[in-house]
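Here chain A shows up in two complexes: once beside chain B, once beside chain C.
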Partner chain A sequence: MSTNTPSYPPSVPTERELTDFGVQRVQHENIFSDTWHAQHYVEQRVFDIRHARPPEKPLVLFREKHVSWLMRHLQYLPRGSESFDVLQGWSCFWIVHSLNLLGATIPVPTASMVVKHLATFKDPVVGGYGGGPGQSSHLASSFSVIMTLCGLGTEEALMSIDSVSLLRFILQMKQADGSFRVSFGGETDVRAMYCAICIASIVGLLKGVEAEKITRGCASYVKSLQGFDGGLGGEPGAESHGGNSFCGLATLVILDELDAVDTGALLDWAVMRQMAYEGGFQGRTNKLVDSCYSFWVGSLFPLLGLKARAPAGMSKLFDADALQRYVLECAQLENGGFRDKPGTSRDLMHSCYALSGLSIAQHFGEAKHDAKNEVKKVDPVFNIAEDKINYVKEFFSQT
Partner chain B sequence: MPKTLRFRDFICIHLVTTRWCVFSSPSTSGLFNSVQPFTTMGTEQASQEAPNATPEAANPTATDADNAESIDVNLDEWKGFEYSPVEFSPVLTINLSDEFRHVFGLLYAVKKSKERSKRALDLTSRAIILQNSSPTAWMLRREVVATLAENNPALWAIELGFTAKIISKNEKNYQAWEHRRFAAESGNLLQTEIQFTDVALNGDEKNYHAWCHRHWLVRDHGLTEGELDATEWFIRTDLRNNSAWNHRWLVTGLVEGARNDDEMTFALEIVEKAPRNEAVWNYIHAMGKSGLSIAAAKAKAVECLEVDAGCIPARRFLVLNASSSEASEVRKHCQILASGVDPIRKKYWEMKAADPGRPIKG
Partner chain C sequence: MFTGQYTYCGTNHPTVRGPYSGMICSGKWSSYSGMICSGAAVNNIVPWYSMHGVRRARPSAEALEQDKERSIFQAGLIRRALVIRNDPEQSVFDEEFEKKYSVVQRAIESNPDEYTLWAFRREILIAKSESSSLTDDEWKSELQLTSLALQRHPKAYPAWQHRLWLLSDRKHMSKVSQGLRDASLKEEQRLSAYMLSKDGRNFHGWAHRMRVRSILESKSPGEEENMWRQELEFVEGKINDDFANYSAWHHRSVLLPRIHSEGPNIFLSDELQFVRQAFYTEPDVQSAWFYHRWLLAGAPARGNKAVVVDGLLEEELAACEELLSIEKNARYALQTKVHILTKLGRQSETTEALDLLEKIDPLRRGYYRHLRKT
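Moving on to the complex of A and B:
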């Protein structure tokens, strides 16, 4: 029987089930606003899935299905994917990283093809990489290319990285106030900063003579992002947001500047993002659960645990079993891939971050799992499988 | 501070109608007339001409292979400009249409050239209609507009119209919003931008990009006038809308004396309506941290818990704002939260209970 789709004809929920659900779900308190309606609808769909699943049946990771779905995408994207033309580097990263977490090996000839293809994204004039051949350089594209190459981890892949060209591009994106633009004339936000700092750190630029030029003003910029509720927004004054909180906090971890923000307030905010009934994370207060925040918010706990004198057990302060349950039960599709939430379709981005979040739940939150369900351990700062990032660090420390 | 709505209700109706004009009916909008010709060029014109056009007629000098590809694309204006269409990639192969391959192949070539002309502007329009979030197309557009606007400042208004069109289709488009900031700032057209975000927020009251646009107007351009009323309107429409609370926090920080006891009274009035609303409690907590008295809020939290022991945000508020003399109270609250009311955060509350009075430093 399917784990995702309700059984037909549907059985009637027991009184006990309904009572438990009624207690756990969000109450309307006689104010039927849009927020409540949207939340109510998602909870109902999650309840339907849980009600239809036989309680004795264990949750399984459909590993082979995911691998074949991802490998298929590495060759061809489905029809109507024209918008992915500017996301070629990202698509590669989402696929390669997901395959790594699933423990699948990418055949060497395929890896080699990917490396050669990514090399054509290089912008020889300004440095860095664009979203595809001929496209202009962009920090997010550059990030996705470098992370794909690290995820592939072959010598060919790592040798193809030109740190001088990256440095040139990163410095051109640096703004007077310490922030970064994503591209010439592009937006300025903490995503751009994380992309820049992350790749600079990986290829060893933060140990070089130009390090100060890259890192100048970063910590104070991240400090200016902390919202009234303790989370971090994308730009000063913006609403606290899971993805931006990750980018900001991971940047501070790389720069060893965790004291720049009120980490206690950030923890108080992050811990509230876990949904009482669904078990997954929302990205903002009073918004809906979304599987990609399994990683963005889930990783905040191990990142906060890296602070000096942080109490032991910081990385376990969320309910890892509930998170794992949401990912495997509500986001996973049995014919491969993961989705945002019940009612949406699967896509590469959510598959990548749902699996990364699952890894956080299993390896940092200690969610109960057996070998059949286990995914590889992820590095919470760089979001690369731990064995790969260790190899990459060693590689670049020697060059 | 007004406790009832006055002009905002009216503005909303006004905006709904404006939206209809701006987004749905290009013929009624002056801004859109100039955008219209090249937006439809790719679809209508090509499909009208295709049946009759022979390869020879389309491009007399080209080889047969070229004609086979360019017949439906119609980039006549660019005859003689050298480019190669976007190639199918060996991995992650996407089934790109001929139009897409030619338009973007040409665009990438123009980007690398020095040409910043009207036809380049038209080309970016066509490219962006095909692919809303191509950074290269927006980057070229920015350069072209900056060049052309030196002699034609009216272009900035056209850019606002163009970005409105793209945003109405794809409201989470980073590039279009950024381009809009650039155009509004360069053309000194900031005065209607708040209204524009009103329109975008009318479709999605939590649109992050629209709110960021508004933060930018308030933060960098001082357009705080009316924002307290506006956020109150958003909050009263959906008092769980954390985006509106966040914007209100920004505005009260910029408007002299706005973060006052009246503000606390307003927040407590919203608490009264639906106490399990985390957003408003966070707002009150932040006001307390900024120096306002939270005695009334603590009393309100206790009152809420008497009626509803499962009111997590109220209990959390008491835990986060306890004085050192209230250690036993805090421990009790944390135990209630950990053991029954908020089991998903059990470990967190247990940690708080073990060390009351001291915030957990990450």
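Moving on to the complex of A and C:
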């Protein structure tokens, strides 16, 4: 592989760039490491895409293409279980949630098929769900299955949730210092805590007598995650990271303990994650843009807004139009699905979080959009379509 | 300081540029961690952007067919392994067990995300340990299994976790000879150093270093400061390799307050010099500026009181102004200037800088306006 830097459009910003975007791009001459090489390359690809599209053309959401791509994956699910993939519950969630945001209706027989398929992931001894049939219980898998069932929102789906066995599993994952493991002998980090608290909250366990056993020590654990730059890491002492910041902050929101962290510092950190040229978010300083952080970092703004006296002001602290533009222009693919960034392939995970991020930009930010490219409003704490979460909360408050 | 010895396997592999920076395969270099030549793995990692300008050949029908067969074969291995685990009649003491159990190793080598199988391996090791049939060799080969898995999948959570368990579990692994376990622990940082040389931002590698260090600390109380200083040398090496390695800066911010538990006075002025050198060399690299901001706040850390040094802020402001006189549009220098002026109570002087920032960093316009108001 040649070690020469690619000779490409001139490094001095052209007139058109300055008037369109007026933003500094990475200086060509400063490339001295892989980090810069990669960043420069991404900006070139984004530049290409932007200048291939006439500026008057509106940003389109290829709704039908996405829906049919996702529906094909949904139909394929039972056969897909031959692969023993650990992410089968996640695949279901990514598909169902994306379809909900796109406003598509999942036919009742299909929904029923998914519910029965997910039921095979149950671990009857321990409680909770594994990543697939025959796999041992895992908090993240359990979370993905519960959220899929809530996203389906049918009575059959919600009735299949056994809160007693979930409680049993969650309490077994709880550690002495207040944190949670993801599975027996598995790692301890804030993702596990978010999954546990989220499940507990949705299924009504945080109102019961066992609530204290679940929530004990959680706020102080999240507090210990805040780094020198204001972001939250995965475990005490770890580097600030977009996904973990979301998990930590959302946990505090559910527990109503937002004051446990320095929210001002976290806000400053989040603001700096938006990429000056690309418009999307990065997950950590000096890393590349990635469409999934559209949700992980984008949702930090409405969540922090829950504390601020002027929550509407939060929406102005990131550029929602730029985020929307990155998602629809660079992450979206014309034949359906979304990808991480130009140069990568589409996948279900990025489709889900790019759409969630788009929803944040449109409904919490002030991204200009019309009925044709609008997606449904997402609940930023649980990452589920708002019209679904209300029904679910009612259902579990009655049982 | 990492002083690992490399032996080459003798084959020439192309160096690969990218986030996994160009490395020639390093062969077996430690009889304890037993790292096996990963040349094949290095060959297969082609950074996604390296395809720029090169017409990517469509994979042939044969290649697709082979891929499909391979994944069916892998699925078969995993299914057999799960069946063995879920069989209640199975016992580790059965004659046929070892033969059947070998399928678990093959399944896990290429699928280290299968956390259920790692849990199964723990169950088997515990059963053997409790019946006093766990040998040193078995423990060593389990360790080698994790390093093989990690070389292929550097970010597999369950593989890192399993390795940590092997090294740290006192109750069940106590049957393994003390000498072997201690020697392995001493060498353990070489694994993370190796992984971080391939990808300096791999947070699993950094977390592993932290955890191994705390195990070593608990074994030799009184040696903590030495270990932290060694680690600081490693971190500094990583920063000097690449100022944009933010993970290294982050770990510096964790280590310094621990080493200097009396307070940041001791390291503050040296650190300011170090970071100033970094951002003078590369003013567009964000990392150093964020670290700088932490130093300006007095390097607060749990257990350490923030330090307020007279004249420090004015000095740093002067340094920013000097940089801005050469590079008018240095975005981070402008942000830092605004930040310092605000701290000094001189908000009225920030207008010009904020105007310029709104022009060159328009995505954060809303944030700069918010700063004007506060």
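Points worth noting:
By our rule, the second predicted complex is superposed on the first by the 357 of 399 C-alpha atoms of A that agree within 3 Å, B and C clash if a C-alpha of one lies under 4 Å from a C-alpha of the other, contacts with A are read in each partner's own complex, and residues count from 1 in each chain.
Quick note on the criterion: a residue touches a chain if its C-beta (ideal position, glycine included) is under 8 Å from a C-beta of that chain, and two chains touch if they have at least 3 such contacts.
Just so you know, these numbers come straight off a predicted model, no measurement behind them.
With the two structures aligned on chain A, chain B clashes with chain C. In the superposed model, A:Gly227 makes contact with both chain B and chain C.
Of the two partner chains placed by superposition, A:Ala176 touches none, neither chain B nor chain C. Counted by residues of chain A touched, the larger count belongs to B, out of chain B and chain C. In the superposed model, A:Ala371 lies in contact with neither chain B nor chain C. Of the two partner chains placed around the shared chain by superposition, neither chain B nor chain C is touched by A:Val209.
In the superposition on chain A, A:Leu77 contacts chain B only, with no contact to chain C. Look at A:Thr344: by the touch rule set out above, it reaches chain C but stays clear of chain B.
When the two structures are aligned on the shared chain, A:Thr110 is found in touch with chain B, with no touch to chain C.
In the superposed pair of complexes, A:Tyr41 makes contact with chain C only, with no contact to chain B.
Of the residues of chain A, those at positions 23, 26-27, 30, 33-36, 82-84, 86, 130-131, 134-136, 138, 182-187, 227-229, 233-235, 237-241, 271-272, 274-276, 279, 284-287, 313, 316-319, 322 touch chain B in one of the two structures and chain C in the other. Across the interface of their complex, chain C is touched by residues 1, 3, 6, 21-24, 26-27, 30, 32-38, 41-42, 82-84, 86, 130-131, 134-136, 138, 182-187, 224, 227-229, 233-235, 237-241, 271-272, 274-276, 279, 284-287, 313, 316-319, 322, 343-344 of chain A. Across the complex, chain B is touched by residues 23, 26-27, 29-31, 33-36, 73-77, 79, 81-86, 88, 91-92, 95, 110, 113-114, 116-117, 130-136, 138, 141, 182-187, 227-229, 233-241, 258, 263-268, 271-272, 274-276, 279, 284-287, 304-305, 307, 309-311, 313-314, 316-319, 322 of chain A. Taken together, the chain C residues at the contact with chain A in this complex read 14-19, 21, 47-53, 71-72, 75, 78-79, 82-83, 86, 111, 113-116, 118-119, 122, 157-158, 160-162, 165, 201, 203, 206-207, 210, 242, 244-247, 250-251, 253-254, 282, 284-287, 290-291, 293-294, 301-302, 329, 331, 359-367, 369-370. By the touch criterion stated above, chain B contacts chain A in their complex at residues 86-87, 89-97, 100, 104-105, 108-109, 111, 130-136, 138-139, 142-143, 174-175, 177-178, 182, 205-206, 208, 211-212, 215-216, 218-219, 237-243, 245-247, 249-250, 273-279, 282-283, 285-286, 310, 316, 320, 342-348, 351, 359-362.
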